[in-house]
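I've put the structures underneath this note.
First subunit A sits with subunit B, and in the next complex the same chain sits with subunit C.
== the complex of A and B ==
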């Protein structure tokens, strides 16, 4: 008798739990799962210029393989990704070490350090657009006052990717630093003490002890940044819109323009599904790496 | 003075110097933006750039006079508050259920939105919203931005709910409390600060989000972020007004983030790092 009563409460509890998650799950299915399935279907459709829709089979995907702009976009995406990620990880670890040794940081200083990545990327794009202006920008003035030649920055086809990487790194290096700082603070102090007793130099201690112990945290930061960097959009759309020419036309920008400027929804869907596969592939690869460096 | 003490002082000095250098690199562009927004129009584009000038509010006046800045701001506020409220409404119970049952797939499902490029959802949304005539509606914008806020709320709150001792719930259950009652009456007050942090982070990221409003809004519902593009289009000589717009757009998230900076790290990494 009491057994059935217990099962009854348990069943009731399960039901109540399901009811609590239901709104979030239904919302996510309606807004994400269903639309993604719809995108897969759209990827097999052809949209004519008059808006007529017809089944296209794999035409969008075979078009993608032979589309120069796709391969160019893939190259831009990967170049921007690798450059930004390396910059942000290297300087992020550096900044974390500096902050770690500063010990107590007043709240106001911490607020200033997080301010770049709390502001909209769009605003970051706007301010750098002005600073990096080739003829009147402050950046070139600083370069020239050090006797260096001025640069075209965002207006230069060969420099636009490093410049955008620099803007994004300005915004997100402090974020990486805060993650790494969290990792540093959770390391057992005993390992440093042991190293100090052994007379290891600070650099050696960092290379042989701190860095290996920090690797899982660094990989976590890399995953979080990869997800954003591979779908790079805001800063480029505000500053160059993929230009000059197509020099900064990332896959996400290209897909967006194919979809919403040329209204080729079918081909844009194929492009976006490919980009999504790349993002998930990168996350899975880093997750494996995290398993390998865990301690 | 001993050798070790000298080295020690050197190291400390070197570290302070690096801290200052990092601070300058991080702050300088923002300071420049704010300064430029207060410069008289002829000095914004002065070359060489000037640091000393008599500050003026002209750019801000110009901005509100020549653009519907205030109505854009109101749109941003409606979309951001709406999507944050929706994220909290759906996210709080879900986070509680995931924490209690340890069945994590609902939380992971919402993360998909954090990982896939926004355009992936935007294409089908555009087709669907157009069919039901919802392009340009606040509803479409709030729904799309809730996709940003929901995972933030869930993943920020999960560790908070996990931190409540199980015995608290068990005692309440023995007393005959229903699960829903336990959530609202017992658990929620215990995670109030977590709810505040998640709400602020959701607000910030919804406010900052660019892509969805770019396509789903129209002239009447355009958010500040989506309108930023128009400010740039006004011509490069309008730098003062452009920087005034940038400063005002960045202000709400910066002020809010400053309020919760202490709790930001663990929240921002979606629980990946316990800050």
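== the complex of A and C ==
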């Protein structure tokens, strides 16, 4: 085959590849890039309560700086994020270790352990709303059966964040455990054999070998959970709608209300883009950490 | 707000309503005019639409049209509507709306089709638009345009347990002070029950609080300024929050209609202030049929000024087939369908249906139904549709009312601080309108 013919064949192959991948590229642009660009554009618009629209420049972003609800929402988002992430990572690793070592655990029990995250968050929220109802719920009934005082759970401004974090952790800890379990199963047995020969205690083995080797997996789980946790919405929407007062009003809930209840789509877009930037920041930070702990 | 005071059985000299009363098109009206069309109905999945949609097949048979129902819970329905309308989409032909909440806002945004001409020219002989609550029609008229047709009549009413009242030696409360005194007595007489429950969830508070405010003689706005810090406003805030804080269930700040109905139905509350629409839910299982006590909310210094609202059916201004959409609205709000819905416990917005012999017979079957209808009669004649501030940003104004009440229930602020903070935020909101 001559050089010209080979070049023509290569060009044709390139064209074919471009044609074949075009639908996927167009779909991706339409489904991801367009909504993002549109939201950025909306962030520069002002919408009145009646939906009338005008160019706002950076007004929506400068409004964020002086908006108490924004800063409060940011604080609530970060508090929920940190508390939930810590709970889910700690208990996720613990659950993974239990499942890893309990080799004889029947499949049905293993399935039960990891089943909560398969439940739609709305269903989980409804279920916990009933359980934690201060008057009719099972949680207070159990507390009182043991002579303990009842709690207001989701109705107390000081308890609502820990309570929501517990609900979310109940649902998503098994997910973290599943990721960590995969990591545990892939660890090289040789290092454990060496530790055993050296007489290392189980705790020391865990601290010095298992945990460091698991770190990349744990960081991966943290990244996946971070994206969800910073966008905390469904469980709060179902259980408290941001209350009592604004004690659980996360940025996502606040943005939803501003956009869909008060019709200020421009300011809501600015809020959501700020939240997106925070999510990206967290993911980038964890990615760097993952690079640092890789082995 | 006097302009919005309802007087269902009194004729109101409103031009639009007078126009509606004419039936120029009755003679050549044909239900099959839009045969083969499909009408999309965005419905709030509440008892009103549930009762209506029981007869969906009747509509399709009568008109030869297909009715496509897009049903959601209330907030999700609005979310869908906002998305559809902001996109100028014709996906929705007919939607449910609460004129008292979003009427000003949706009308200003141009989302409602003007029904005035259709309600005059395109009506079946039996439709009887003049028979609809003239006051609810007026409440749905913005800038001279009729924006929706009333589906029902509702408002918060006072449910109380007659057995507990008897046991504690109490009479039915006549005033707000009586309610508080009864709650105090029940607290010691029957400590197993919650003496009083009403809405505490922030966005839901305005629905019941408005009745308290108006009974006491307060008003939300005067001279373009928020008046929660007026003497009457403070009294209403203080009384409402005190009743819930001292006599309400734990966690009442998360209570809306679902929690209130569940608590009262289970026998764990002696008094509940909740929507007339909840009658069926409250009576489910039959336990509460033994001890029914239903009243309009007891009087304050200004007497009884109950909150009276109604869901309406509106045609989307983006609908490409407003004529077909109107036929569905007309069928759904016709005397025949509203009578069928009334027999399912949906209070009719037509005095003629309320007086229909078959409906009266249904009412007489159960003492609780008689009390319910008696309370509704008061709502129909004395009610006010003012729930929250009469401004375009009404939904947002409800947030600030709810925040003030919650601040007081949770003892996070004094009455003076709570009302001052709310007035400041509300004045800013009013200024934007």
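The working rule: the second predicted complex is superposed on the first by the 271 of 295 C-alpha atoms of A that agree within 3 Å, B and C clash if a C-alpha of one lies under 4 Å from a C-alpha of the other, contacts with A are read in each partner's own complex, and residues count from 1 in each chain.
One rule holds in what follows: a residue touches a chain if its C-beta (ideal position, glycine included) is under 8 Å from a C-beta of that chain, and two chains touch if they have at least 3 such contacts.
Note that this is a predicted model, so its numbers are computed, not measured.
Superposition of the two complexes onto subunit A shows a clash between subunit B and subunit C. By the touch criterion defined above, A:260 lies against subunit B and subunit C together after alignment on the C-alpha atoms of chain A. In the superposition on chain A, A:133 makes contact with both subunit B and subunit C. Look at A:159: by the touch rule set out above, it reaches neither subunit B nor subunit C.
Of the two partner chains placed by the overlay, neither subunit B nor subunit C lies in contact with A:213. Put subunit B and subunit C next to each other and count what each touches on subunit A; the higher total goes to B.
Of the two partner chains placed by the overlay, only subunit B lies in contact with A:115; subunit C stays clear of it. In the superposed model, A:234 lies in contact with subunit B only, and not with subunit C. When the shared chain is aligned, subunit C comes close enough to touch A:243, but subunit B does not. Contacts of A:289 after superposition on the shared chain: neither subunit B nor subunit C is touched. It is stretch 254-262 of subunit C, out of 92-100, 236-244 or 254-262, that runs into subunit B when the two complexes are superposed. Touched by subunit B in one complex and by subunit C in the other are residues 133, 135-136, 259-260, 265 of subunit A. Listed in rising order, the residues of subunit A touching subunit B in the complex are 13, 16-21, 23-25, 27-29, 31-33, 35-36, 38-39, 42, 94-95, 98-99, 101-102, 107-116, 118-124, 126-131, 133, 135-136, 138, 141, 170, 174-175, 178-179, 181-183, 186, 202, 217, 220, 223-224, 227, 230-231, 233-234, 237-238, 252, 255-256, 259-260, 265, 268-269, 272-273, 275-276, 279-280, 283. For subunit B in complex with subunit A, the residues that touch the partner chain are 11, 15-16, 18-19, 22-23, 25-27, 29-30, 32-33, 36, 45, 47-49, 89-91, 93-94, 96-98, 100-101, 106, 109-110, 112-128, 143-144, 146-147, 150, 154, 178-180, 183, 204, 207-208, 210-211, 214-215, 225, 228-229, 231-232, 236, 239, 242-243, 245-246, 249-250, 253-254, 257-258, 261-262, 264-266, 268-270, 272-275. Within the complex formed with subunit C, the subunit A residues making contact are 48-52, 133-136, 150, 152-157, 239-246, 257, 259-263, 265. Listing the residues of subunit C that touch subunit A in their complex gives 75, 78-79, 82, 85-86, 105, 108-111, 194, 201-203, 249-254, 259, 262-263, 266, 268, 392-393, 395-396, 399, 403, 406-407, 410, 412, 432-433.
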